[in-house]
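Order of writing sets the chain letters: A, B, C and D. Residues in each chain are counted from 1.
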Amino acid sequence: MTRIALLGCGRIGKMHAATIARAEGAALAAVYDPVTAAAGEIGRRYGCPVAASAEEAIALADAVLIATSTATHADLIEAAARAGKAIFCEKPIDLSLARVVACRKAIAGFDRPVQIGFNRRYDPGHRAARDAVRAGEIGDLRQVIITSRDPGLAARDYLKVSGGIFRDMTIHDFDLARFMLGEEPAEVFATGSTLVDPTLAEFGDVDSTMIILRTASGKLCHINNSRAAAYGYDQRVELFGAKGMLISGNRRAHQVERFTAAATGAGEPYLDFFIERYVEAFEIGLKSFLRCVAANATPDVTFDDGEKALVLAEAAIRSKAEGRFVRVDEITG
Amino acid sequence: MTRIALLGCGRIGKMHAATIARAEGAALAAVYDPVTAAAGEIGRRYGCPVAASAEEAIALADAVLIATSTATHADLIEAAARAGKAIFCEKPIDLSLARVVACRKAIAGFDRPVQIGFNRRYDPGHRAARDAVRAGEIGDLRQVIITSRDPGLAARDYLKVSGGIFRDMTIHDFDLARFMLGEEPAEVFATGSTLVDPTLAEFGDVDSTMIILRTASGKLCHINNSRAAAYGYDQRVELFGAKGMLISGNRRAHQVERFTAAATGAGEPYLDFFIERYVEAFEIGLKSFLRCVAANATPDVTFDDGEKALVLAEAAIRSKAEGRFVRVDEITG
Amino acid sequence: MTRIALLGCGRIGKMHAATIARAEGAALAAVYDPVTAAAGEIGRRYGCPVAASAEEAIALADAVLIATSTATHADLIEAAARAGKAIFCEKPIDLSLARVVACRKAIAGFDRPVQIGFNRRYDPGHRAARDAVRAGEIGDLRQVIITSRDPGLAARDYLKVSGGIFRDMTIHDFDLARFMLGEEPAEVFATGSTLVDPTLAEFGDVDSTMIILRTASGKLCHINNSRAAAYGYDQRVELFGAKGMLISGNRRAHQVERFTAAATGAGEPYLDFFIERYVEAFEIGLKSFLRCVAANATPDVTFDDGEKALVLAEAAIRSKAEGRFVRVDEITG
Amino acid sequence: MTRIALLGCGRIGKMHAATIARAEGAALAAVYDPVTAAAGEIGRRYGCPVAASAEEAIALADAVLIATSTATHADLIEAAARAGKAIFCEKPIDLSLARVVACRKAIAGFDRPVQIGFNRRYDPGHRAARDAVRAGEIGDLRQVIITSRDPGLAARDYLKVSGGIFRDMTIHDFDLARFMLGEEPAEVFATGSTLVDPTLAEFGDVDSTMIILRTASGKLCHINNSRAAAYGYDQRVELFGAKGMLISGNRRAHQVERFTAAATGAGEPYLDFFIERYVEAFEIGLKSFLRCVAANATPDVTFDDGEKALVLAEAAIRSKAEGRFVRVDEITG
């Protein structure tokens, strides 16, 4: 039984609490949130102590799940590492690459599992597609196309402090690109526009992006993002290789199709939003973490993966600013 | 070059004229229709003589395409056979099984090709599905499900003299069932209702039917019909066997799918009506006939097939009237 | 909190135990199974008492979930009713219509909820389709087509005592037909064959069936069954009405499609078997039962629904034997 | 009746000859090809004169269809214009932008229709998608994604003189991007790799490309190309807007889907190659040209469109060479 301290009891924290409660071999050891009402609600619901501080929660547990606001992630990783507890940290590690590098150095030598919450790697569809590529089903991989569009614009207050679309949203796609390519991107081109909400330009952000990654061996990857999609959460991955193509598609709540004088084969809008779309991925990801904790093994998604995705985001930011193909090795923490 | 006399210049006659005009190795030798304006229009368009009688048209040709009203088919088959000309006759041969039997006897010994216009056998999808079954792709065939729904009710005047839904509409599905099953149906159950237009009951017809056929070896086949379908012409064939299933589906004018807040993956309504849906089938069927004429070979769809489909229609009529599983061998001309 | 006694700890009992454990507002009060090892395993896993008899388990609970072998269902329903406990009973109530009628009479006046386990009514897709029909989305319903094929033949020992395909397998489809039609079937035609395993004929059963139901107003319903389908558990419902059609389709484990030189758009085989395919339905059905227990309300699927589905099965058996359209009112307990 | 001189009797010339022969209101006036056997074959087949020179063919006709090798297009456009004949010219006008500009100047003031053979604009699916966007169905257009992959690598001898992938293959996609965007691309980024055949690097070409276009208003467009796709000719256009998305998908020879223990919903490989995939587009494009000739109207795809697509190709070439976002207005003939 792995006893987990949950730090952060917002939307994603609640979801993790439910996942932990359902998982065999796991239990909530304690919850903590600076908003005590939020922590109290989860504590009551699952019958676990509400800690007065993150440190207190960490002390009560075997492992720590960090789902607090981004700015606190690196500090809490360091605190959990000091306490010798296995760590599951929501993405991103930090918005500052320098802080991530410092965190990495601070926990150097820490020998317990550290897993970063890039949940999409655990989606059964995305995973099956990746496995098929690794198994040689489509021959040498040549192109990856990732379409990633949120159903609707997040709150302006959130967006202002999000670090910008590349660090906040595309970072998932950068991780997925690395996962699928099986080779590090060497060059990044990125551009973007404010097509959903022009006022995002006030704080230098965009809501629509297109990106191209190229690996050393020449593999090509395209990512497109939008902060809004009328038809639901759009999460597609296309893998194109010498012998074929795999597409991991969207999910609907059920498989009803409608046929009328206006249209045929019409299905439901796509599952909205990530907690619904990736419900299995969150569960499988947690189970994978629990297995790593039990065996003291290296997770599928490491601190290093968290850092590398952020490096790609930094490269994208520079590319967009300078209008050129940026080499990833130009980016240093 | 096969010179063809076209008898009957209505909707389906016009379509055949265009198909003949496009086909290599075929030409219109003459056209005839009791409505001289209709014949004249086709004659002018394709630059061929308008005959004063069916006999005159037949005399000018190597082969005869009979697309006149049903009541005249058997007489014209006999006339063409007497003249020694190859025959392509639209379905059904006649609404009366006795007349069909008499016609068969009348042309006994005729040694030129006689093809009946069961166009669906030539549809590329249906044909590919049948070929896959024959090739063993789904193992032993166990069930066939044919969905066949017209886009909208035909004119009441037509329906009154149509011979009823089993002889007029289901007859295509009976032929397709035989084509797909690869074994003769031995028993027939049929029922029906007036759900589209209750006034059809005034002349004893129904607009919605469900049928079950069973072969001697136990293969099962379901057919459902409706005289109206809001979403277009619905023509599906499902073949279910020991190792898998094949579905030959509907066709749309193009492959655009729409994704909105209301629906995802919505395509166009289905192609409406049979001339559009089965455009390739009509063309391939005519080419097949031309090859048979050239080689004096037996067509894929013979007079015998026309008679057997009508026998199944008669069995369905009796089954519906008597509420029981009717043995096909109870039906005699 | 509703405390539930689980009677029967086989495959479906285990599934119900997990569902109860996950459900808010429910807990396992006790488990019982004549195979004590099976009961013990569930008791240990969920930390609940293992009762020495069904009666003892019933006494410990607010509600009883009957998942024992079919022959015991009616007795246990009566025992639970005598004890005044709400009842959730797996289908079928009994293989004998006479026993079902006797059970109904025995519990006449019992005023706690009795729900029969026709899980498919709770499937999100089937339910959404039914709701759309009720909302008038496709106009007047005209035809229902239910395709229901198991992935593989059950064990011969099970089949021998199953009561035959109509009572054991089709009974789900009869219930679904009633649910979808919104009107009682008035006539039944059924036929069948042994196409999967000819030796089933030794005990008078078939493995492949086709059925037609007709309501008083003329609505038509086709059901086809097979005890084996190579491509997985095939569970489709097609609802055809004056203004359109709805199809509730099959489910795959994920949405990956493969494109190769051999095929395009190829997905996974369908989810196999009912516990996987209908996982949500079992959960929603239990939640619905819990709400009824809390409010002492009438469930969506009543004892009466269990009896009516069995009446249709009896009508199908008679129809197949006599080769005729059987009126449902010919069947009496 | 428009009498057309066909210049060039290779693969695409043959296809045009057949289209002209089928079209109402058009006839082949003469054919010419430096390979006299090729011209002779078409002449015999359609019963039209074989001219000894392009000039002679032009003189016999009302309109000229130029399907010769690319290097001769501009000269023949000028010759046809001098002769006062309407012009349909296959893409590209020339591989040299300077030559295209010179040709434009040479025919300045010519007042007969000049249509460039960007056939994809006439594809029923692509056209319906574009029309839906124009009709406001998906609100403001935000992103366009064009996937364009040939089934297999063209002959090396052809590729060597093709002008490179951007001028030879992507040029179709550049035109389609302009057609769909409804606004001129202002900036171009392009990269590429030799993933299909590394030896293409010997003459400086690539076989796999990814491109991003951005318009002045911020609309984003991604194009990906591959010279080979195992599953057939892959031609998809995705249009993403404020209110929804449209996808114009691939086409199969028929609509059969296969369901086995290995896969469900598997269709045929896609239609291969452009003559099959775009058969309707070629026909509709020719009909549109014939209407323009008859009415002396401006075609949908003008000389200017041919030039603008080439400008985008030049921008892509420069972008790939310099690794930067190239402004389209940097490119001048």
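Here is the rule we use: a contact is a pair of C-beta atoms (placed from the backbone, for glycine too) under 8 Å apart; a residue touches a chain by one contact, two chains touch by 3 or more.
Just so it is clear, the structure is predicted and the values come from calculations on it, not from any experiment.
Visitor: Quick check: more C-beta contact pairs at A-C or at A-B?
Guide: A-C
Visitor: Measuring between Cα centroids, what's the chain most distant from chain A?
Guide: So the chain farthest away from chain A turns out to be B.
Visitor: From the C-alpha centre of chain A to that of chain B, how far is it in Å?
Guide: Those two chain centres are 57 Å apart.
Visitor: If you average the CA atoms of chain A and of chain C, how far apart do the two points sit, in angstrom?
Guide: 40
Visitor: Do you know which chain D residues sit against two or more other chains?
Guide: Chain D, residues with two or more chain partners: 138, 230-231, 243-245, 250, 257-261, 268.
Visitor: With touch defined as at the start, can you tell me which chain C residues reach chain D in the complex?
Guide: 230-232, 250, 252, 257-270
Visitor: With touch defined as at the start, can you tell me which chain D residues reach chain B in the complex?
Guide: Within the complex, chain D contacts chain B at residues 22, 123-125, 128-129, 132, 137-138, 243-251, 253-261, 268.
Visitor: Which stretch or stretches of chain D touch chain A in the complex?
Guide: Contacts found on chain D: 138-140, 142-143, 145, 147, 149, 187, 189, 191-196, 208-210, 212, 214, 218-222, 224, 226, 228-231, 234, 240, 242-245, 323-325.
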